[in-house]
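Take a look at this one; I'll ask things after.
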Amino acid sequence: MTQGTEITYREAVRESIREALLGDERVFLLGEDVGRYGGCYAVTKGLLQEFGPERIRDTPLSESGFMGAGVGAALGGMRPIVEIMTVNFSLLALDQIVNNAATIRHMSGGQFSVPLVIRMATGAGRQLAAQHSHSFECWYAHVPGLKVLVPGTIEDARFMLGMALLDPDPVIIFEHVMLYNETGILPNEAQPVPMEQAVVRRPGKDVSLITYGGSLGKVLSAASQLAGEGIEAEVLDLRCLRPLDTAAIVQTVARTHRAVVVDEGWRTGSLAGEISAIIMEQAFWQLDAPVARVCSKEVPIPYPHHLEQAALPQIPQILATVRQVLEHA
Amino acid sequence: MSELTMPSFGADMDAGTLIEWRIKPGDSVTKGDIVAVIETMKGAIDMEVFEDGTIEALLVDEGDKVPVGTPIASIATAGAASTEPVAASAVTTAAVATASASALPASAPARAQTPTSGEPRARILASPLARSRAQQYQLDLSGIRGSGPGGALLLADIERKHGAKHPVKPAAARVKPGIDRSAMRQAIAAAMAKSKREIPHYYLASTIDLSETLSWLEARNQARPPEQRVLLGALLIKATAAVLKQVPELNGFYRDGGFQPSGAIHVGMAITIRGAGLVVPALLDADRQPLDALMENLRDVSARARQGGLRSSEMSAATITVTSLGERGVEAVYGVIFPPQVAILGFGSPCTRPWVTKDGGIEARTVMRVTLAADHRVSDGHLGARLLRLLEKQLQAPESL
Amino acid sequence: MNTAASDKPHINRDHLLPMLADMIRIRRFEEKCAELYTQEKIRGFLHLYIGEEAVAVGIARGLAPEDAVIATYREHGHALARGISMASVMAEMYGKVTGCSRGRGGSMHLFDEKHRFFGGNAIVAGGLPMAVGLALADKMRGLARVTTCFFGEGAVAEGEFHESMNLAALWQLPVLFVCENNLYAMGTALEISESEQHIYLKARSYGIDAHAVDGMNVVDVEAAARTACSAIREGQGPKFLECKTYRFRGHSMFDTQLYRDKEEIERWQKHGPIVLLQEWMQANHMLLENDVAAIEHRVAAEVAEAVDFAESSALESETELDTDVYTPRRSQ
């Protein structure tokens, strides 16, 4: 039996922020409603009381302004954590993230680094409709100079932030909204896995299910059901979307010869497409079936529950896709 | 009339390219004649005809690659009804009309069966993994039935085919410009890797006093012209074949999860092809051939192996292999079994060593290290030891060969 | 802390002559750049500061070495006035590895760690939020430093301007905003782009102490900068200067200037910052006969040396292309 503490994903993130604030006086948090309100998703609840308004800094609704302030503060010797309420709002801060944070190191000929950590909620499932529910992880993963983390487990929620703060470059952490209430046992002796490594969450030999973040739970459930049918699916949790752990992707395909990528992003131009291309480029001769993708439907995420759920990757689709990929095996 | 079809020179061969016709329509052929040269993944091999008759038509062109079993020529064999007009003249007038009428439809199907070498061949559907694995196994995709979408070949199809047939053998290849050395190397690599992966080898070694044997051989050769002399190698093969009859568990194949003993004793002989690798042609029925005939056979096969031109029947028949690096001066050679065979004997270089004789004295004697590597799934060390003991005994009495 | 920076200067020959020299230095450097651009030695966009030199030179006089600067894509003058060597700036224009950004930024992206020069930023208003952040870091770390942020009047129309004004005022950050109002955002005149054309009033609406300054008069600019920087260092929060100026050349090298009259340009040129200071010093007997010639001679030599340096410098190896996308990690 593993000794540990049962906590929620939300508490794990909060604990990671607390630990960072306690361990490094350069660390501070800024974002909309992170202080008095306690965070849009209550992640930062109680931190204002513990650390005060200087370090738990409520901002006006100025995503570009306070994101740029985070970039500047990082240049000025601090270790800011910028929270963006939800990924859709981060588009208002794209200029600062993409034009400044991501470029300055290279553009200055290596003179200035931007040790900035950005956290934001992502994904659908809470009936928040088309301006609060999308998955733009792929957009950020497109940009050299950024690193993109997608904690899909309690342990990663607990430890990824700390690793991101130790990184000298801008790191974006995407927390899926459906994970905040998830509970799990955090082992007392948990050892953080380096943030840029993918992890096999379930070994298998018949097919590789490659996924990340909010889809990880669905994929693990699907893998359990498949085991009942005698299909041993290997589940690879990417954890980091830039840089991608391509070696792990190639290795899992080399073991199973079949891959299904499950990605809550839209299919066109998706990260799933990128992973498929990597498999084609680097593991082509290991393939015994075409790579398949399970992605969101190409619509703005709608409000009503049934339509929202219909738009997202679901376990039955994952099962059907796996069976199709294995049909002739 | 019957057909010559693309032969299979090995269980792992599924297609071949006809690179040269040695016959033309109208030629008479007798059993054993070389009718064509077939290029395989392992190299070029002569194709022999197994019946007497007259060649009627060539059905594929030089350069065509066709699956094993595809008709490549038609042959009128003795005793079979001929469609030649000359045969028709022997029948009655009434029958001529019938024969003439039937001649057309009779030949039409023959043309219809002609492989459409001029037309674009349909691409074989296969998964990337199936293709790469087939290449590793030296399998040609064209003869394998695919179980995937649209009949595409999947890994399982390749493994099924591979598992059901002979493993890859190093190829007989013509040593000539253009020989595919890497293909031969790959074939050896595949066969040897499969052997080491699948066959649990056990190894035995014994030192045999060869002094009497060599004296006998020398005395026998003395009176003969050089081309009729018997070399030690032939004697060793003959001795091996002779004792194998008493240890049948080491002569045959391990297939489909079990041992299949072979009634015949075909001793495969590892022959080095300089710069390319190895071939292992078999000396067929080595146990039944007189020593002189075996020697002649050995010379012939060695020469043909090095020049190219081994026959298909010699290529895949070996039931056990003998390897000798004696010429290279090594004391012992521990062989790797050639799957699906179950044993390989290794003969070292005869050398002079101090030897304790039966009466306890020490003498300089010519001795040789003999090793056996055998498949533990089929036999145990006890049995292997028996073979080595019998071999030693046999070599002390060469005159009985 | 550099207390000298906040001292009230004496308006005399010793004080003014170096400022005149600095402006001439920027002017001649940029004239050379224009020439080199036509010879294809310099590529990309080249935005010249000619006519606006008094702003960079005057503001620089208010800064201490530990202060930070964020500038725009029209920042050659700021870089030179800040003390970055002309040779490394010229090499940067050439894209050479000896350039102040290893040649990677070019004209629009001059960076220098030693002088805390955080770049020419080529996104209009993109530098303002970063300046807010640099100032926030100083404030949180208890450092009495000033972050100076230059931007044009075109930036005022961007949301980032307003977000930054608000944040700086809200958090009372040690930042000096310097709006270089040269009346045209590329070809768009101020009167057709802003409802309120007194830009300093916009800053005041956020509660920031803001003033308009004659940006052609380097003495005025310097005085305003010294006052503002002293106040910022004393913890009085952000300051805002609207420097009214004019660029004598096009927006970039490829500009037909259909949007303004030649007469307008000539009118401003008569009151250009160099002419203005030179005439005033002459009128007040502060300029000796050979002073300007000596400056011109010295500057010409420095420009020639900078060109030689850039010409003879190496290009960065293509094998280095992907270095510094991320910060190299110390080996384990």
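Each chain carries a letter (A, B and C) given by its place in the written order, and its residues are counted from 1.
One rule holds for everything that comes next: contacts are C-beta pairs under 8 Å (C-beta built on N, C-alpha and C of every residue); 3 or more make two chains touch, one makes a residue touch a chain.
If you're wondering where the values come from, they're calculated on a predicted model, not measured in any experiment.
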| item | value |
| --- | --- |
| Centre-most chain [mean C-alpha coordinates] | A |
| Chain pair with the most C-beta contacts | A-C |
| Chain at maximum distance from subunit A, centres defined as averaged CA atoms | B |
| Distance between the centres, which are taken as Cα means, of subunit B and subunit A, whole angstrom | 60 |
| Inter-centroid spacing, subunit C versus subunit B (mean Cα positions, whole Å) | 86 |
| CA centroid of subunit A to CA centroid of subunit C, Å | 41 |
| Complex contacts: residues of subunit A adjacent to subunit C | 28, 54, 59-60, 62, 64-78, 80, 95-96, 99-100, 104-113, 144-145, 147, 168-169 |
| Interface residues, subunit B side, partner subunit A - complex | 127-132, 147-149, 152, 154-156 |
| Contact set on subunit A toward subunit B in their complex | 257, 284-289, 327-329 |
| Contact set on subunit C toward subunit A in their complex | 68, 99-105, 109, 111-113, 118-119, 121, 123, 126, 128-138, 140-141, 147, 159-160, 163-164, 166-167, 170, 323-327, 329 |
